[in-house]
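Shared between the two complexes below is chain A, which pairs with chain B and chain C, respectively.
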Partner chain A sequence: MKSVKSIQKITKAMKMVAASKLRGVQVKAENSRGFWQPFVALLGDHPDIESKKNVILTISSDRGLCGGINSTSVKFSKAMFTLSASEEPAKYVILGEKGKVQLQRDSKKNIQMVVTDIQKMPINFTQISMIADEILKNVEFDTIKIIYNKFGSVVSFLPSVATIPSPEVIARESEAGGKLEQLESYEIEGGDSKAEVLQNLSEFQFAAMLFNASLENACSEQGARMSAMDSSTRNASEMLEKLTLKYNRSRQASITTELIEIISGAAALEAAS
Partner chain B sequence: MVLSLRVMAPNRIVWNSEVGEITLSTNSGQIGILPNHAPLLTALDMGVSKIRSGGQWSAMASMGGFAMIDNNRVTILVNEAEVSDEIDPIEAQKDYEVAQMELAKAEGRKRKIEANLAFKRAKARLEASTIS
Partner chain C sequence: MWRRQIITKTRAVCRASSASRAFADKPADIPPPVSDAFKDAFKKAAPNLQLPKFPSQFMKPRPPVPGTLPTKLTVNFVLPYKSEMDAQEVDMIIVPATTGQMGILPGHVPTIAELKPGIMSVHEGSEVKQFFVSGGFAFVHPNSVADVTVVDAYPLDVFDAEEVKRGLADFTQKSAAATTDSEKAEAEIGVQVHSALSAALGLS
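Let's turn to the complex of A and B:
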């Protein structure tokens, strides 16, 4: 019973910690939503864009005890993997320890890059830009699909996918008949060539969306942990009640047994004398 | 006719209102934006953008990003930005001098690049704080 009580205390504390962390991250996530919307307004979101080299970027948490969000992300990633099969199999880039553990079990050869321990410090844009840079340097892609849990509310987390095309794909689709045709009507300045500006734009877009996706996933993680810890605490209370009743009953039963023994012993002695 | 301007950094909205005219600093020079500008997509370098709103000019130091202009709507996405009245001119002057010294004595390619970036940033902030 003591152990159940202490578990109950721990889960309650974990819930409160998650709640306070959630408040902090939620504000950042909401502020970061405005940042990627202009990219989508300009370039659209085309999950069905034609692409041979597909990279699936799965965002997961480093720590556990957060309900089913990591399993959901992994399930969706595997589904995307199968869907995006083309001449070359897709590749995984994984953020977060839990995703790595789950995907390593059966897709080890398709994992190209793993980044863990992101949440050692609060997520900020500089850190995410560096991660984005590393990924862009080491991974060849036509599109990157970021899989993450979008934070709906404390009880609702929606698995979502954000599609980022590479600069070459953007250039290809911005020609007549492509999905990004409206890009052609823009005068493009600010670099030595249109291709250079588009490349910078695509990289910036990737960093912006990765930033938002990481924040949303972090929110979902804290929210899921809150509800998981909350149900643990409630379970622990129920268990504690049942155990207490059982304990009392067995205590009374043993007292009764002792009394019976004493009384029958005394009665036997009396009868003998 | 006015321009509707939104300036966004990853963690906050820096500007969100209607303005009359904007001057942007790109790495191919300064661009002036007036209402009814043609659709434009441009990269911004680390520098100062000037915004005229209601007859008054304000300055904003921005650390690289993109500007998209379409249909009198201007959206500027930056890594970091500060409006001139958020910058303390004395502090900005001190930062600038420190950055200048660091740049002069920086050695090694990596340090030089870092010092250069810090210098550009300090310069932009100083310019912005002294303009309005």
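Let's turn to the complex of A and C:
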């Protein structure tokens, strides 16, 4: 019973901590929601764009006890992995310890890069740009699909897939008949060539999308942890009630048994004398 | 007792967030941007999962291309940590493109412009707001909507002239003394930003 009580205290404290962290991250996440919209307005959202080299970027948390969001991310990553199978199998880039642990079990050879300990400091754009830079340097891709849990509300987390095409794919699809046809009508200002501008555009879009996705996932993580800790606190208190009743009943039963023994012993003595 | 605390706390969190809600958070209104073939393939790959959501479902739809020349330019000016201007209607903006200051008026030809550090000014009626922006991108769409995305932007009055002069001298010296390529590149970026800042603040 003592252990259940202490667990109850711990989970309650974890819930409060998650609630306060959530408040902080939620503000940042909502403020970052406008940052990727210009890119989607320009390039559109084409998850089914044709691409041979697919990279699945799974965003997960580093710490556990956050409900089912990491399993959800991994399930969707595996589904997108199967979907993107073309001539060569897709590759995983994993952000977060929990995703790595789950995906290592059966897809170890497809994991190209793992980044952990992202939330040691509060997430900011500089850190995410550096991560994006590392990924762009080391991973060849036609499209990157970012899998993350979008924060709907404290109780709703929506698994989402964001698609980032590479500059080559953008150039290919912007020709007549492609999905990004409307791009041809845009004049390009700046840079030495259209290819250079498209490269910067794709990289900036990746950083912007990754920033928003990491913040949303961090929000979802705190929210899921809050509700997981809340339900475990409630379970602990229920268990504590049941155990207390059981304890009292057994204590009373043993006292009653002792009394009966004493009284029957005394009655036997009286009857004998 | 603590259950009531949870409910009030949750309600407070939800209310705080809805106060600044400018973006569509209900993806049910916008259909997913995928073909039926994709949906079928997804169902086969993961029969127990619902189709995931996509970012375009969380965006407010953009206005269509108008028939006549619009009178106002709609500007979305976004930073990583906030939306400075969200669908604000103005007369003109001037952005620091890498090819020079570029003015954008309503009915401007669709453009993708790379931005270098410099001043961006927003003209609305008789008032002009000026920001010093870092590098980024500016898009002008056929429907007279301009999107400006930059890494950071501040109004001009937060800059300290002394710091700017000192920074410029510092980075010029670093750029002269740099040995490796990356050091040289970093120092040159510093020189570029600080000289743009000093030009913006009207220093020598």
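By definition in this document, the second predicted complex is superposed on the first by the 273 of 273 C-alpha atoms of A that agree within 3 Å, B and C clash if a C-alpha of one lies under 4 Å from a C-alpha of the other, contacts with A are read in each partner's own complex, and residues count from 1 in each chain.
Basically, a contact is a pair of C-beta atoms (placed from the backbone, for glycine too) under 8 Å apart; a residue touches a chain by one contact, two chains touch by 3 or more.
None of the values given here were measured: they were computed from a predicted structure.
Undergrad: Should chain B and chain C be called a clash or a fit once both complexes are overlaid on chain A?
TA: On the shared chain A, the partners clash.
Undergrad: Name the contact category of A:K12: first (chain B only), second (chain C only), both, or neither.
TA: Only chain C is touched by A:K12; chain B is not.
Undergrad: When the two structures are overlaid on chain A, which partner does A:P159 contact: first (chain B), second (chain C), both, or neither?
TA: Second partner only.
Undergrad: Let me test your reading of the model: by the given contact rule, A:Q26 touches which partner, first (chain B), second (chain C), both or neither?
TA: Second partner only.
Undergrad: Per the contact definition in the header, classify A:L83: touching chain B only (first), chain C only (second), both, or neither.
TA: After superposition on chain A, A:L83 lies in contact with chain C alone.
Undergrad: For A:L42 in the superposed arrangement: first (chain B), second (chain C), both or neither?
TA: In the superposition, A:L42 touches chain B and chain C alike.
Undergrad: Quick one: name whichever of chain B and chain C touches more residues of chain A.
TA: C
Undergrad: I'd like to know which partner A:F211 touches here: chain B for first, chain C for second, both or neither.
TA: In the superposed model, A:F211 contacts both chain B and chain C.
Undergrad: Identify the residues of chain A that lie in both the chain B contact region and the chain C contact region.
TA: The answer is residues 28, 31-32, 34-35, 38-39, 41-42, 124-125, 185-191, 197, 200-201, 204, 208, 211 of chain A.
Undergrad: How about chain C: which of its residues touch chain A in the complex?
TA: 2, 6, 9-10, 13-14, 16-17, 20-23, 25, 27, 33-35, 37-38, 41-42, 45-46, 49, 52-56, 58-59, 62, 76, 78-83, 86, 97-99, 102, 109-116, 136-137, 139, 141-142, 145, 147-149, 151
Undergrad: Within their complex, state which residues of chain A touch chain C.
TA: That would be residues 12, 15, 19, 22-23, 26-28, 30-42, 44-48, 75-76, 78-79, 82-83, 124-125, 147, 150, 152-154, 158-163, 185-191, 197, 200-201, 204, 208-209, 211, 230, 233 of chain A.
Undergrad: Can you list the chain B residues touching chain A in their complex?
TA: Contacts found on chain B: 6, 8-13, 26-28, 31, 38-45, 65-66, 68, 70, 75, 77, 79.
Undergrad: So in the complex, the part of chain A that touches chain B is made up of which residues?
TA: Answer in residue numbers: 28, 31-32, 34-35, 38-39, 41-42, 124-125, 129, 183, 185-191, 197, 200-201, 204, 208, 211.
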